[in-house]
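What follows is a single structure, written as structure tokens, with notes after it.
Letters A, B and C mark the chains in the order given here, with residues in each chain numbered from 1 onward.
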Amino acid sequence: MDAILLQILNGLDKGSAYALIALGLTLIFGTLGVVNFAHGALFMLGAFCAVTLQRLLSLSFETIDETKTDFLGNPLKVKTPYVEGWFGPEVGGAIIDWAVPLSILVAIPIMIGIGFAMERGLIKHFYKRPHADQILVTFGLAIVLQEVIKYFFGANPIQTPPPDALLGVVNLGSWLGLDLPYPIWRLVYFLFAIVVIGGVFSFLQFTTFGMVVRAGMADRETVGLLGIDIDRRFTIMFGLAAAVAGLAGVMYGPIVAPNYHMGMDFLVLSFVVVVVGGMGSLPGAVLAGFMLGILESFASTTWATTTLPGINQIIIYLVAIIVLLTRPRGLMGRKGVMEE
Amino acid sequence: MLGLNSKDTMLLIVVAFLALAAPFLLNPFPTNSSLAQFNAGYPDLMQRFAIFGIFAIGFNILFGLTGYLSFGHAAFLGVGSYAAVWMFKLLSYNVIPAIILAVIVAGLFSVLIGYVSLRRSGIYFSILTLAFAQMSFALAYSVLSNPKFNLTNGETGLQVYGDDPQILHREGLPDVPHLFGWAMRDNFLELEVAGWEFTFNNGYYLCAVILLVVFYLAIRLFRSPFGLMLRAVKSNQQRLNYTGLNPKPYTLAAFIISGMYAGLAGGLLAAMDPLAGAERMQWTASGEVVLMTILGGAGTLIGPVLGAGFIKYFENIFSKINDNVLHQWFAFLPDGMEDFMVFIVHPFVGKGWHLTLGILFMLVVTFLPGGLVEGGQRIARLFRRRGKKTDTPDPEHHPKETPHVAE
Amino acid sequence: MGILEVKGVNKRFGGLQALGDVNLSVEENTVHAIIGPNGAGKSTLLNCLVGKLIPDTGSVMFDGRSVLGRTPYEINQMGISRVFQTPEIFGDLTVFENMVIPAFAKRDGAFRMHAFESVAREQDIVERAQQMLEEVNMLDKLHMHSASLSRGDKRRLEMAMCLLQEPRLLLLDEPTAGMARADTNNTIDLLKEIKQKRDITICIIEHDMHVVFSLADRITVLAQGSPLVEDSPENIRGNPKVREAYLGEAA
């Protein structure tokens, strides 16, 4: 029992990331009809928002501390971050410590901006071109974005620690009498993902804007005929999808140190998630994201890997292939949507 | 000649000339000149031109003709390489059985993947092939390299060791891949003519001859009823169905042929350097052959070869350009300007080659969907129009004729 | 016994009864028109004949053999060709190439691996294609990109492609939809000419009464998924039930 619950928990953080990226991919595909191969790059850019903010906050000036000397007897140079200089060591230190969660505030406008720029500058010219062209141009963009990041940040992963308060492990099962040790940050990530997903869904459900977008997803032409400026709303939708992917990336840093190719790694799997969930189905994307994350976690147990070596590496692809062949519209896809 | 019309014969002759005279053509600069860094006439690079040319020709048979965009073609290349190295390990270093097995194994593998993937079309097909390729990569990288059943040797890559059986190996045969004693890595001729150096490499000429053979086969295929059916698949599957033709076996056949081309390329890679690694199967490698084909011109005969050559050449040249070289180039500028130019260009060269490639790719897909071939045609048309100004074509009344696929 | 026998065909889409107990018999060598107001189930019926849809119950026999459960290309190989409402041609290919494809399908069947032969050297195929193009007066457009043809020419090309296969039954799905009067008359003339020159059964679905009464030997009126009447054009013209179904449209 403990073991099973633990594997489910272990799948949640990856599942959250899959679900968030797949959600954005589906939003873009459902509203704009575009297959975005650069979506993984947006996830990666989000993670690097956190890296950048952390670096900026840690920028330091040097002072000479007369009270201390190094072993040669020279006065010691001490580096103090500007933030600590401005707000005092207590507040400043806390700000640096909480750099990753703080990045959310910075990342939202940045990612929305990037999303707008991508849609207006590139994607909108590809609405009427074949899917193959969309795949190809966004694939090119993904390469460009990842190389730019590599140029500025290097090829090695960059550690982005969570706040000290959220380090460590919590036993989730203590009040049930079970033993379920779970890293706090992963729990935070899962809850964060739930909040973001809930936010997106209620936005689509309860605002006029969301209603129009949902109508547009169902039937673009009709909504266009009603005289509603669908295109502008779709631009905003692209920004939103970019922000969701970015947020998924921001908070993922403490789980796996960001590197320039993390986007590509997640992209392939997220596509698989979208396909399993059902192209164009938002709940399907979320459900499949968590399901595949958990499935992967089960396939990574020692028992599974000794029985079938490497099963953890291929399980998601196997599931995708089986789903595509037996139920091409995916778990929750609507009949007739991109079934061919 | 050879069952081709005059235009195609000319094309084949041009390609044959380029391929066979490559050691001269690619080394236009004297060895000691500062431009020698732009030479490409050394064996290793020329082999890659030919091998990736073969790979791209094969990919084009699928993508260029049927429009099915496979994002997993590198899997067949990788499988071909593994098969070839296994032949080296078990039989001997002779490349013939290795290449034959590489083609057969890749063919069988593509029957399997093609049969499943082709049950879907459009993006689903792309994602299915991508999933298969990533799965093959994972299999090769970790699953199939466990101590009990080591097929791929995992991270290290598959290579030939001293204690391998090599049952057909005889005394006197070279201990490297060879063609009946003719070692692939040796040069049969090294010419030095007044400052120029030309290298004629065994391995390259094997690749070049095979390239010509498969290029010839591709021309025949393009001109055949089969090739026409493939283009019909791309154009209108519905009409094809209602014309009494079954698109499935046509696309599957194209998929298998193109998989075999990839396997051949993989086998040749192993024949030039007897090592097979899983990274050859990664999806970025699949992306590369897509780039080559699109950049050259998908659906044209010569495009993929041009694209492969273009990408491999600039990959090589760009990665050699460092800041010193850049400073030399911009030395004629005033100091401040010089540093500024170096600063601007720096991110795009050296290790930044992939950045340049990505930008180039986006530009080509956006503005020149027909690739280099279309670019060439546009320039040619521009000159022709300049030549005879009186004859202004009126697109309204003279609808344009279809460009021939070979152009 | 007609060449095409449809018996007791039903088709439901969810709660909608698209076809209810359709019986239809098309005699060989006649032009049989199926008319009816929008939503009468004409297109659904046609799709059941060519293998795009499978009826829930009933049988469709062509020349004594069932077409049910067969794919569109198999049904085509049995001798049924279909012309679409908006011309379906190979837009990326030249007019000549468009014509060559059905010629191969006729000669070689649904699949043949002929990857080493040259299209240009298949004398019989090339001649057949040219001959057919001549018949529809399009030989001068041989090397044109078919996507750049006018709509009327696309329609003629599509018909030529179907006729090249020498089908025993030609199905036409609103062949004059959206056409100007002059083009419609041209199409009528073309169809008359086609009918004159060969033994062929034509089954036409049409909205335009002018076309129907110019061509048809026999007319079936569909309303709400079921056949209302089947009769000769003269009798249909005067039939009050038909007038009612069309609300005066047929007059």
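Everything that follows uses one rule, which is that contacts are C-beta pairs under 8 Å (C-beta built on N, C-alpha and C of every residue); 3 or more make two chains touch, one makes a residue touch a chain.
Given the structure is predicted, the values throughout are model-derived calculations rather than measurements.
A.B. asks: Could you run down the chains that neighbour chain B and chain C together?
C.D. replies: Under the touch definition, chain B and chain C have no mutual neighbours whatsoever.
A.B. asks: In terms of CA centres, which chain lies closest to the overall middle?
C.D. replies: Central chain: B.
A.B. asks: With chain centres set to the mean of the C-alpha atoms, which chain is at the far end from chain B?
C.D. replies: C
A.B. asks: Suppose each chain is reduced to the average of its Cα coordinates; what separation in Å results between chain B and chain C?
C.D. replies: The mean C-alpha positions of chain B and chain C differ by 45 Å.
A.B. asks: CA centre of chain A versus CA centre of chain B: separation in Å?
C.D. replies: 35
A.B. asks: List the centre-to-centre spacing of chain A and chain C in whole Å, with centres computed as mean CA coordinates.
C.D. replies: Their C-alpha centroids are separated by 53 Å.
A.B. asks: Going by the contact rule set out above, which residues of chain C touch chain B in the complex?
C.D. replies: Those in contact with chain B are residues 50, 71-73, 76-77, 81-82, 84, 88-94, 97, 100-102, 104-106, 108-122, 143-145, 148-149, 161, 165.
A.B. asks: Please give the residue numbers of chain B that touch chain A in the complex, ascending.
C.D. replies: Touching chain A from chain B are residues 67, 69, 71, 116, 119-124, 126-128, 130-132, 134-135, 138-139, 141-144, 146, 283-284, 287, 290, 294, 347, 352, 354-355, 357-359, 361-362, 365-366, 369.
A.B. asks: Across the complex, what residues on chain B touch chain C?
C.D. replies: Within the complex, chain B touches chain C at residues 3-5, 217, 220-221, 223-229, 231-232, 234-236, 238-246, 249-250, 253, 257, 399-402.
A.B. asks: Help me check something: in the complex, which residues belonging to chain A touch chain B?
C.D. replies: 35, 122, 125, 130-133, 135-137, 139-144, 147-148, 151, 264, 268, 271-272, 275, 279, 309-311, 313-314, 317-318, 320-321, 324-325, 328, 338, 340
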